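I have a structure I would like to understand better, so I am pasting it below and will then ask my questions one at a time.
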Amino acid sequence: MATRCAVVGATGLAGQQFLAALQNHPFFECVRIAASSRSAGKKLSDAVRQDSGAIGWYVEPSALEHYRELVVEDSKTMSLDGIELVFTAVDSEPARELEPMYAQKLPVISAASAFRYEADVPLLIPAVNGAHAQLIRVQQKKRGWDGFIVPIPNCTTTGMAIALAPLHAAFGIEKVIMTSMQATSGAGRSPGVIALDIVDNIIPYIKSEEEKVVKETTKILGLLAGETIEPANVRVSCTCTRAPVLEGHTETVTVSLSRATTIQECVAAMRVFGRDINPNTHPSAPQHWITVLDDPFRPQPRRDRENEHGMTTTVGRLRPDDVLGEYGVKFVLVSHNTKMGAAKGAILVAEDLKLRGFI
Amino acid sequence: MATRCAVVGATGLAGQQFLAALQNHPFFECVRIAASSRSAGKKLSDAVRQDSGAIGWYVEPSALEHYRELVVEDSKTMSLDGIELVFTAVDSEPARELEPMYAQKLPVISAASAFRYEADVPLLIPAVNGAHAQLIRVQQKKRGWDGFIVPIPNCTTTGMAIALAPLHAAFGIEKVIMTSMQATSGAGRSPGVIALDIVDNIIPYIKSEEEKVVKETTKILGLLAGETIEPANVRVSCTCTRAPVLEGHTETVTVSLSRATTIQECVAAMRVFGRDINPNTHPSAPQHWITVLDDPFRPQPRRDRENEHGMTTTVGRLRPDDVLGEYGVKFVLVSHNTKMGAAKGAILVAEDLKLRGFI
Amino acid sequence: MATRCAVVGATGLAGQQFLAALQNHPFFECVRIAASSRSAGKKLSDAVRQDSGAIGWYVEPSALEHYRELVVEDSKTMSLDGIELVFTAVDSEPARELEPMYAQKLPVISAASAFRYEADVPLLIPAVNGAHAQLIRVQQKKRGWDGFIVPIPNCTTTGMAIALAPLHAAFGIEKVIMTSMQATSGAGRSPGVIALDIVDNIIPYIKSEEEKVVKETTKILGLLAGETIEPANVRVSCTCTRAPVLEGHTETVTVSLSRATTIQECVAAMRVFGRDINPNTHPSAPQHWITVLDDPFRPQPRRDRENEHGMTTTVGRLRPDDVLGEYGVKFVLVSHNTKMGAAKGAILVAEDLKLRGFI
Amino acid sequence: MATRCAVVGATGLAGQQFLAALQNHPFFECVRIAASSRSAGKKLSDAVRQDSGAIGWYVEPSALEHYRELVVEDSKTMSLDGIELVFTAVDSEPARELEPMYAQKLPVISAASAFRYEADVPLLIPAVNGAHAQLIRVQQKKRGWDGFIVPIPNCTTTGMAIALAPLHAAFGIEKVIMTSMQATSGAGRSPGVIALDIVDNIIPYIKSEEEKVVKETTKILGLLAGETIEPANVRVSCTCTRAPVLEGHTETVTVSLSRATTIQECVAAMRVFGRDINPNTHPSAPQHWITVLDDPFRPQPRRDRENEHGMTTTVGRLRPDDVLGEYGVKFVLVSHNTKMGAAKGAILVAEDLKLRGFI
C-alpha cells in the first residue's frame, strides 16, 4: 500500500515538481499539501492562479489536474495525522523552523539546505552513500525524534558527487577543481534570475554555492565512522557561475587520483556505477547513474539534461590530466538540477529509505 | 606620416573590424583592401551587399561610409606597391599561402593561426612579451624575407596570458587550470554558431582550441634565448566551451604560484601591469591592461567586455587557492575576443612594432 | 501491411525528422533513404558523422539506432523498385528536378515549396481542405504520371490556415492581418540562423515568406472548382519576423468576418474543428486540431509547442476586433513549425491519402 | 544657469537612467535625489549596494561616480526648497500620491502612468504634439497648483506615435493595427521578466499595455480644443508581446490612410519630421526623429536601438498595404524603450518646456 505523504511548499516551482513526480507514484501518494499562510485555505488550482489571470503552474499540466481539488494547508499548522512522510520544498529559513516540527513525528525528506551540515544529518545520494542512512538512528536518538530529517545535496553537488564516486572508489581522489555553468532554474522563480541579467551574459558568482559544494562533496564521499561521518580527504576548489541555460547544470571537472589508471578504466567504472539501484528496484532511479558519451561535443545541457528522465549524470570529454596531480582525468558533466538535483532526487532518496525500512 | 597599409580578408567580419579600427588611425592608413576572387573587382559597398538585398556590414556604419569606394582586390594577386604593411584577417589555410607571399616584401600582422607555432615566429602581446619582437630579425634572416609575419595569439589565450603575466613576473607561475565560456563571435559568421545549437545551451568543445591555448600561453610567457623562445615552465590544462554570449570570453582561472603572496599583492601587480604602454604612447592601448573589480558578481561579459574600448582584461573574484598548489590564487576574467583578441589587438601590435622601428 | 517508403534528403534536419516520425509507424515503413551524392554509399550512422568527430544527429537518438545500417542512396539515381511512396525533405531547387522524376511512378509527399503554386497541385491539410485531394487525378491526367506530387504548406501558413478554417466555415473571413515571430528551426541548419544575428534581437524579414503565406492561405481556404482551385476571397496581409525561439512559430492574427459572432461561438467552432481526423483514424493526427486556452499569458512557444506531440495549433487571447472590419476577432497562435509544419504534417497528409485510396 | 532639479526613485533602474542622462546636462543639474524610506539617509553609493556585496548600478559607472556622495532623501518628506523641477521614476501607485504633492509647487516630469489619462494632463512628445503643452495652464488653474504634472507616454506608444505623426499630418490616418515585440527592460528589475519565462519564448500578453497604447495614441495625435484634448479619430488595435530582447521595442504597424500616397512620399514625410527640434535646440533631441532604412532586414532591435543615442525611431520595410483600408502602408519600427521611451524622453520634454517658458 502506498505511503501517504505531504508536500510542503507545494505552490512553488520546486513543490510543483514534487507533485508532478508523485502523480501515480507506485510507492507514495500525496494526500496533503501545504504552503505559506497566503495560500492556505485555497484549492491548489486557485492558489496557483495569479492576480493577472495567469495560471502560475510551470510543470506537467496533468499534475495540476490530478491535485487541483486539494486544499492548501498552512505549513505552520498542518496536521500530521494520517500521513507517514513529509517532502519539503521551502527556503532554508522556514525549513529551519518547520522541518524539526515535522520530524518529531515523521520522516522528512528535504530539498532545503537548513540541516545539511549538521553532524547527525546524512546527505544522501542512494548509489553514492546509501550506508550513511544509518546516521538516521543517531539523529533520532540524539534529538528524541520519532521521525528524522534527510536533506538532499545542493543541485550543483549532486552531479559531481555521482561522477566522482566511482573514481574515488576505484582509484582514490585527491583533488578536484571544478567550474560550473548553472541553469537559471536553480534560482527558482522568486525572484529568480531576470533576463536583463543573464541574456547574452555569464554571472561569475552564486552566493554561498561554492562553500556548499566543497562541504557537501567531502561529506557525501566520506565514511560513516561510529556516530558521525568522517569527511573524505579530498581537496575541492570550485568556481560557480550562472549561464543563460534554462535547465541542466554543466560542470567542467579536473580530478587528481591516487594512482595511475586509463580512460578506459574510468569509463568502465562510471558505466557500471550504481547498477543495483535501477528502475526495477527504485521507480525513480535511472538505468545508468552515469551515461558516458564519446562525441566530443557532448554533453550539452539542452540535449542531455533529459537523458533517462533527468536522472542520469551525463559525462563526456573524459581525457587524462596530469596538471592537477601526477595521475588524473578531466571531464565535463551535465546533471538535471531540478530533476535528479531536486524533487525527483528527493523522491529517489525516499524510495531507497522505504526499501531499507527507514520509512 | 601615416603608414600605408592593406587589409586582406576585408569583407569578412574580422576584416570589417580591422577597417573600423583603422578609420582615422593616427599611425596607419588603409589604402588597399583584398578578399577572395568572388569579391574582387567590386567596390566594398557592393561586395558586402547580399543577394537578399541586405547589407552584410556588421560593424560601425561609419567605416563602410569611409571605405565604400575602395575596390576589393584579389588577395592572391594584390599588388604590394605603395603599401608598407599588411593586416590579414583570413582563415588559417589561405593564410598559409598568402602571408609568406606578402612577407617577402612587407610586414604582415596576422589574426590567423597559420604561423603561430613556428620557432622563428613571435606571438606578441606588447605589454607581456614585447622583447620577443627581436625574433623578427631571426625570421627575416632565416627565410630571406624583407618583411615578416607576426601573428597575434588566439583570442582565448590573449586574456589569460595578460592576466597571468604580472603574476608570473612577480611570483612565478607553476600550474594553471582554466575553463573558458566563449562568445559565439569567436566562431565568426561562416558558418558561425547557429542559434539552434547554442540558445539555452553550452557546447563543451571547440576544435583545437585547448591545444592552442596550452602551446600559446607557454610560448608567450617564455623567454627569448638566442634565436628561439624557451617556453615558460608553466603547466596549463584547460577546457574550452561555447556559451550563449555574443561577445566577450569569460574564463575561470586557477593558478599555483612558486611562492606565497596575498590577494592584495596580486591585485597590485595586476593594476600596474603594462602601464608604460598606454593611450599616450600607443593609440589602441588601454589605460589599464588589467582592470580588477571588487564586486563579486563581476566581471560579466555583457557588462565588462567594452571596458576601455574592449582593450582591457577585466578580472574579478580574485581569491586564494591552495588546491592546485601550495600557494595560489583563482579568479575570473573577461576579455573582448574580437577587440583585444582580434583586430584591435593586431593593430596594437603594429603600433608597438612601428614605435620600435620594426615597421 | 505497411506501405514501403523512401525518405529523400534523409541526412538533413528535416529528413531526420521524417525518420524519427516514421519509426514504428503503423502505416508506413521507411526502407530506403537518399541524399546528395556526398553522402551516397555511406551507412546513415556514418553519413551523419562530421569531420570534427561529432555526430550530426539532431532528433531522437532511437531513430538513428533504428536506421543506422541503412545505406544512403544518391537521390538522383535512387531505384524506385519495391517502394510505394516517397517523402522528400530537400530544398526547393533540387525538389524541382527530383520530385517529377519520382512522381512518374510514385506518390511524392513533399516538404519543399517547388510545386506548391502550380494549378494542378493541391496543398493539403487534411482537416482543412481534404477535398482538394481530388486535384491529384487532374494532375496525373495532365502530366501523364502514375504517381503525383502533394506538397505541404509553408510552416508559417499551416498554423494560421488551421486556426482560420473553422472561422471561415462558420462566419466567412474577409480580411486577415498577421505578424509572425518565427522560430530559428524554420531556417534549418545550413546555414540556419546564426546566434550572432538572433540572440537579443528580432529580424524583421524572411525572404519570400510573406508572399508564400498570402498565396498559400487563399489556395488552402479555396474551393475545388472543376479542374482547379478557386482561391478564397480572403485578403491577407502579413509581416514575417524571426525571433530568438528554437521551435514553434507564434503569430498574432487579426480577422474580419462577414457577420457578427461572439467569442464563445468562435471558441466553440475551433474546439470541434477537425474532430473526425484524430488519432483513432490517423496515427499522427492530434485529438484536437485547435487547442484554445483561457490563460491570457498563453500560448507561448516554449510551453505550448509540444502540445499534442506538436500537432495541435494552440490559440489564446481570443478577443473581439472591430478595427480591421465591422465584425472580427483577434488572437495569438503557436504552431510547431517542424512537427505539424513539416515532417509530421507531411506524414499526416500521407496517412489521409492512404485512408482515402490515393496511396 | 542650470535649472536645479530632483530625481525621485533615483535608486531604481529608471531613476539611474535619469541620473546618467542628467550628468553634465547643459540645462539641468540634479542636486537632490529621493527614494523610498528604505534607502533614505544613505549615500547613493551605499543605497545601491546589495546585501550580497554586489553593486546594483546598471547604467554608466560615471554617473554613480558623479552622484555617489548625494544622500538619498525620503520621497515622502523631501524638501522642495532650492529646486525648480522634479523628475519622477516611480511606480504608478506611489506616483499618484507623490506627484500632486510636488506639483503644488514645482513642475513634475513623470515616467509614471498615474496621471496620463486625466483630461487636464497633456502627454507630450515635443515633435508630435508640443502644442498640447498649453493644457498645462488649464491644469494649473483647475487644480490651483504653482507647478504641474506632465507625464511621458508608455514606451510602446512613443515609437509608434512618432512614426505615425508625419503620416497623420500629411495623409490622415484612419486605422492602425500593431503587434509589438517588447524588450524585457520594459518590465524593469523588480520583479522584471525572469529568464525562465522568456528565454526561447514569446509571452503574448503584457497586462494593461494594449489599453494604454490605444488611449495614448489617440490622445497624443489629438487636437487641443479649448480646455481639453480632442482625441484623434484613429482606430487602433494592437497585440503586445514580450520577446527575448534586452532593450528596444520592435513593432509591426499596418496603417490605413485617408488618401492615396506613395512609399516615397511617406519616406519623405518621415525623414523631415521634427527637424526643428534637434540637438542644436534641444540637447537630448535626435538629429532625425525618424530614421528610415532601405535594407529589408532592418530595423533590428540589437542593431538599431542605439541609433542617435537611442533617441531616433528607426523604420524599415515600408511598403504599401491595401488590406486594412483602401490606401495604406505597413512598416516595422524599433524604438529604444528605456531611452526615448523613458528617462531621456522625459528630459527631452523638460528641455522643450524650458525653452518654451513653462519651466
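All chains are identified by letter, namely A, B, C and D, in their written order; residue positions are counted from 1 within each chain.
Note that a residue touches a chain if its C-beta (ideal position, glycine included) is under 8 Å from a C-beta of that chain, and two chains touch if they have at least 3 such contacts.
On a predicted model such as this, the values are computed, not experimentally measured, just so you know.
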item	value
Greatest separation from chain C - chain, by CA centre	B
Pair with more cross-chain C-beta pairs in contact, given A-C and A-D	A-D
Gap in Å, rounded to a whole number, between the CA centres of chain C and chain A	41
Centre-to-centre distance between chain D and chain A (centres being mean Cα positions), rounded to whole Å	46
Junction residues of chain A - those touching two or more other chains	52, 54, 199-200, 244, 246, 296-297
Residues on chain A engaged by chain D in the complex (per definition of touch)	52, 54, 58, 184-185, 189-200, 207, 244, 246
Residues of chain C touching chain D in the complex	175-177, 179, 181, 199-205, 235-237, 239, 241, 243-246, 250, 252, 254, 296-303, 316-317, 321-324, 330, 332
Complex contact set, residues of chain D against chain B	52-55, 199-200, 295-297
